[in-house]
Amino acid sequence: MEIGLTHYLVISALLFTLGLFGIVSRKHSIMVLMGLELILNAANINFIAFAKFGGMNIDGHIAAIFVIILAAAEAAVALAILLNIYQHFRHVNMDEVDSLKE
Amino acid sequence: MDLITLAFYFFAALTLVFGGVVVFSKNIMHAAFSLLFTFFGVAGLYVLLQADFLAITQIMIYIGGILVLIIFGVMLTTRITGVDVKSGASGRIQITVAGIVSAALAVLLIYVSLTTVWPQSPVAEAGSTVTAIGNTMLTKYILAFEAASMLLLIAIVGAAFIARKK
Amino acid sequence: MESTNFLWDLFGRNVWTVLAVISLPLLFVLVYALIAILAELKISAWIQERLGPMRTGPWGILQPVAEVIKLLQKEDITPDQSSKLLYNLAPFIIFTGAYAAFAVIPFSSAFVPAGIDVGLFYVFAIGSISAMGIVMGGWASNNKYSLMGAMRSISQLISYEIPAAMAILSVVVLTSSMNMQEISSMQSGGFWNWFIFGGPGGWSKLWVIPFTIGLTIIYFIASLAETNRVPFDIPEGESELVAGFHTEYSGMKFAMFFFAEYANMFVVSAILTTIFLGGWNSPFGDFLQGPWWGVFWFILKSFFIVLLQIWIRWTLPRFRVDQLMHVGWKVLLPLSFVCFVAISLFAMLN
Amino acid sequence: MAKDTLLLLSIIILFTPLSSFLINAFRSHRSGRISGVIGTSILFVDMILAMIVAFSKLVTYSDVNIIQTRFEWFSIGSTNIVIGFGIDNIAAIMLLVVTVISFLVHLFSFIYMEGDRRFPKFYAYLGLFTFSMLGIVMANNFLMMYVFWELVGISSYLLIGFWYEKKSASDAGKKAFITNRIGDLGFFAGIMILFMTYGSFMFDDIFAGIASGKLPFDNPTMLTLAGIGIFMGAMGKSAQWPLHVWLPDAMEGPTPVSALIHAATMVAAGVYLVAKVFVMFTADALTFIAVIGTITAFVSATIAITQTDFKKVLAYSTVSQLGFMIMSLGTGGYTNGFFHLVTHAWFKAALFLAAGSVIHAMHHAMHHLHDHHSDPQDINNMGGLRKKMPWTYFTFLFVTLALSGIPLTSGFLSKDGILAGTLAWANLTGGWHWIVPVLGFTAAGMTAFYMFRLTIVAFHGESKTEIASHTKENPIQIVLPLVVLSVLSVWFFYSPNPIDATKGWFHKMVVQPESAVPAAYQWDFLLSETHAVATDVHAGSPAHEAAAPAIAESHNTTPAAEHAAAHTSGHGYINKFQEEVHHFHYTAMLLSLLIAGSGILLAFLIYQYKIVSADNLERRFKRLHTFSLNKWYFDELYNATIIALIMAIAKGKALFDGYIIDGMVNLSAKVTRIAGQVIGVFDNVVIDGAVNLTANVTGYMGAGLRKLQTGRIQSYVVMAIVGLLILIYFFY
């Protein structure tokens, strides 16, 4: 079978659900962040796949680039925030970060 | 089965298997390093999709940037006393729920992917995308491009401000 | 730029040809590494006014071979509490990163393993895989020196990547291409057309010569840092961190690191050669110009840079960490920006 | 000096003492001496400015009736409240009197109050008082007049009760204030009658209204009542019988205060007020004023005879002299009444400051002897001070002569004029009115008697106590004001002729204004000939306004009046009264000299040469003596009548309040409580039940739904995905 659009879509779907599972099932914030990256990658695969097969052409690439830019910015800010959270709580478990100030 | 198909399955497997490792690993460092391979696999898929610029961008930013950041984050926010650094799984109920929901979503998405009739267009000619991306970026998407540059600048300044020691 | 690879023309595209293309640089690297090790030993000896290895072979020229055999024979120790998988994986990752860069290096006008349009960008991106390998090995060793060495290495790599990127980008601005083969062919016609001297062009290029020379120096310094060579060898500074991220490695895996380091040295030298020193072009116009002579010139120039690196290693002392960061962020980065802006202006006005 | 400049300077003069008050009030916890320097120097500046303004008015603008300004303050509905200020001749003279005496008192107090722990506060109060008094002087409307009237009252209250640790002092302050309030009630009522009728507080508007023939409630009696009401204010301030009781008690305040406020300025405010609004008094009102003045003069003179407290004697003497002034105004002797105010201000201030000097010296001596029980103010503790304090003695003696009405003094000029005026008035009106000059002359004689009694007992002979023999003269800051003030009591300052002041500058400057009251309700002899003719011919016509030159601003009064008088009678007199006064001038002079001389002689016979025994006299007129000594039992009378009545009413009201009102309140409370209990049960069971039911239902629902709101992003993600699944399931 010729490798076509659906192949990529299926891979993207699986990667997306893996990312979703990572986000939902982990307490560690960085694990959640990793799950998020997986989801973004899944989305990007879709963009590129549609760029090639679905006629999105170069616009798909551009969209993917912006996704990557956003991912970079998000990772930088998120990790800075996590550092701060760690300084306060000595851990970064999402469900235990429950007070706004000391 | 030609080389391209083989490569596709190789990269798909690389992506999904290590994606699974990322998600299911009990060791957060293992998860982080598995992410390297996942990203690499995705980059490979991009190459197969004739998005060479995107593939290299993927390697450069995801591996050289985000992944490094994540590993730094792990190291700075976890007491690394030994090599087994727990990735902090939630309670069993939560994992079960997450599994069920994710599986349901996966089934649904795959079902949708397979059954929908996607608008297909003739496969684009292979060739360099760099020029095209550059031209489009600086004409059609110039505003978004500038906004993204501002966003990055602000993110850098903000991250540096937030993270510095009080 | 379709196919600048003579092997494709000779044998057509099949699995065997691909394998040959893939392994050719490996062969080269093996030979090169032996020579480079010997050079390192000998040059250090001469600089320190001693003879160096003399016993293995005439003037000790077989000493690198002996070293390799020694390393292969050594017991391969894996620390008990280490993360086994990652520990074993790290050297390969690093070597992969170093070796992957060879894919786009144009040895000759007729040979480049993969002539892709974004070659420079690719080289640059692939360097980060080495970084991942370093941190992987450092962490998996479960040794605080290793970990600290790895973290220092990463921060150093990130810091010096930016000046290096600015240098490369300046050339990209001048050439409007990231294809290394194209960049090389642009510099044909004598050393005066090399990008260290502003590339091909009329007399107006005199304005940018100071900046291009400056960028060459900046790139060279940054490349020293990226390969963790003296004076930027803090990640493996033996007086502080024993041996940095590869403290725990021994035997064959240590050899891999060693190998990767020398490969990296060659990669950065090759890039420098390609983008600033005319690549496979003869410095004297049509004199000794051609596909085969190109290989000669290219290897000669790259080797010259490698020797320069070795020379510096035995001449300069090591930086402190804060000095390192200072130089990277407060000296090289602004200077490279200045040069980049100047060159961009020039390119825009031309 | 332009008129605008003059008005501007006046405003500065008005507010300069206020700055002294503010500065000293805010540094009341700091060192004292600086406050004294600040207050005194500010008053010095003020005095210089006042002199400039006064001379400018009296010399440059002597023919201008009043230089004034008016502006709208605020408006209530369609009624605009207009106020303003202005300087006429009497105001200019009062400016001089007030600022000069105030400055001298400031200077005097520098030594007298030295060491007092509320020294800065004292100067602050003095500043406030001076400000208020200047406000009264400059006011050209009833509203401002009333406001500053009360301000003067409050600063007087503060100064009388300055040593409030002493119960008598704080009581005296309250008494002064409350008694004044009674008079002010009449004042306010009078103002309101006028305001309701004429819709303005401005003197000009009101006088013009009266002159145009418009009467309050169309009733001449109401005009008389308004006049009497306003005069009641003057009665309070100027301590007229029967509201005179506060002034002697006010001597509890520091002596410089007594000199400034209770001798020279504030108590003169009543007289000033009467003079200022003189043109609106009807004949009946004037008679009332004259009678009150006469009674005051006589009654207080009798009391002064027996008092032994140095300051009390002076206080009653002040009351008596104020009675003279009021009497003079009441009998139509406008100029002489005001003249007496001015001359009296100088020498009474001098008397009080001399008293202060004596008391200060006595205090020092007591301090020296470690005596803390004797009364430094009792004249029986003094004696022989003539040799100890020569400066004080001679100045005191001179001003005593002035007060007694001996020729070559200013007192003689003014008092003689007053007595001549009473004779003329009695002659012109006749009947029982003759009692006024009779009592006036008697009081004048008694004045001479008690003043010399005071002088002889306190200063002549040998020292009666140890304390008196240890006194010594005070420093220059105390003596200088005495000398200045007594020099100002020489006749020369007012008229070159030592026995007749009518040709002096004062009588030229202070001319009796034309009455605004319609001729029917005014003594005919007080109306000028032109006015009388005008009213005869065009009664009730607008000619009134034109014929009342005193009313219109910057109208040339003096020459006009003179011109008119010259035309009609040819005698140079404004009206018949002036002429009559002139006829009685020498009679009155001889009579008063005779009476004053005999008073002095009697005093010398009794107290200096002891030819007539004081004790014998006292025994023989035991009842009269006791009556006088106890001040005619006025305080007791008030206690027994007014205060007792008020207390009885209050008690009745308290009973009413306690039984009937409280009972009703308690009853309604009880009823409400019972109703409340019933409603409470209903509330608890039915309403609360319903509310609780709603609340519980909501609560349980909330508790159930709350579980969804975990605060964990992950569960939200799960829910979002579940929602997405459901949506896709239904719509795909």
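Letters A, B, C and D mark the chains in the order given here, with residues in each chain numbered from 1 onward.
Rule of thumb we're sticking to: a residue touches a chain if its C-beta (ideal position, glycine included) is under 8 Å from a C-beta of that chain, and two chains touch if they have at least 3 such contacts.
Predicted model only: the values in this text are computed from it and were never measured.
The chain pair with the larger count of C-beta pairs in contact, out of B-D and A-B, is A-B.
Averaged C-alpha coordinates give centres for subunit A and subunit C that are 33 Å from one another.
We define each chain's centre as the mean of its Cα atoms; on that basis subunit B and subunit D are separated by 97 Å. One inter-chain figure worth recording: subunit A and subunit B are separated by 6 Å, centre to centre, where each centre is the mean of the chain's CA atoms. The centroid of the Cα atoms in subunit A and the matching centroid in subunit D are 92 Å apart. Multi-chain contact residues, meaning those touching two or more other chains, occur in subunit D at positions 714, 718, 721. Multi-chain contact residues, meaning those touching two or more other chains, occur in subunit A at positions 20, 24-25, 95. Taken as a contact graph, the chains fit none of the simple arrangements: neither line, ring, star nor complete graph.
The touching residues of subunit B, when paired with subunit A in their complex, are 4-5, 8, 12, 15-16, 19-20, 22-23, 28, 31-32, 35, 38-39, 42, 45-46, 48-51, 53-54, 57-58, 61-62, 65-66, 69-70, 72-74, 76-78, 86-90, 94-95, 97-99, 101-103, 105-106, 109-110, 113-114, 118-121, 123-124, 129, 132-133, 136-137, 140-141, 144, 148, 151-152, 155-156, 158-163.
Touching subunit D in their complex are the following residues of subunit A: 20, 23-25, 32, 94-95, 98.
Considering their complex, residues 711-714, 717-718, 721 of subunit D touch subunit A. Within the complex formed with subunit D, the residues of subunit B that make contact are 90, 94, 97-98, 101, 104-105, 108, 112. The touching residues of subunit D, when paired with subunit B in their complex, are 714-715, 718, 721-722, 724-725, 728-729, 732.
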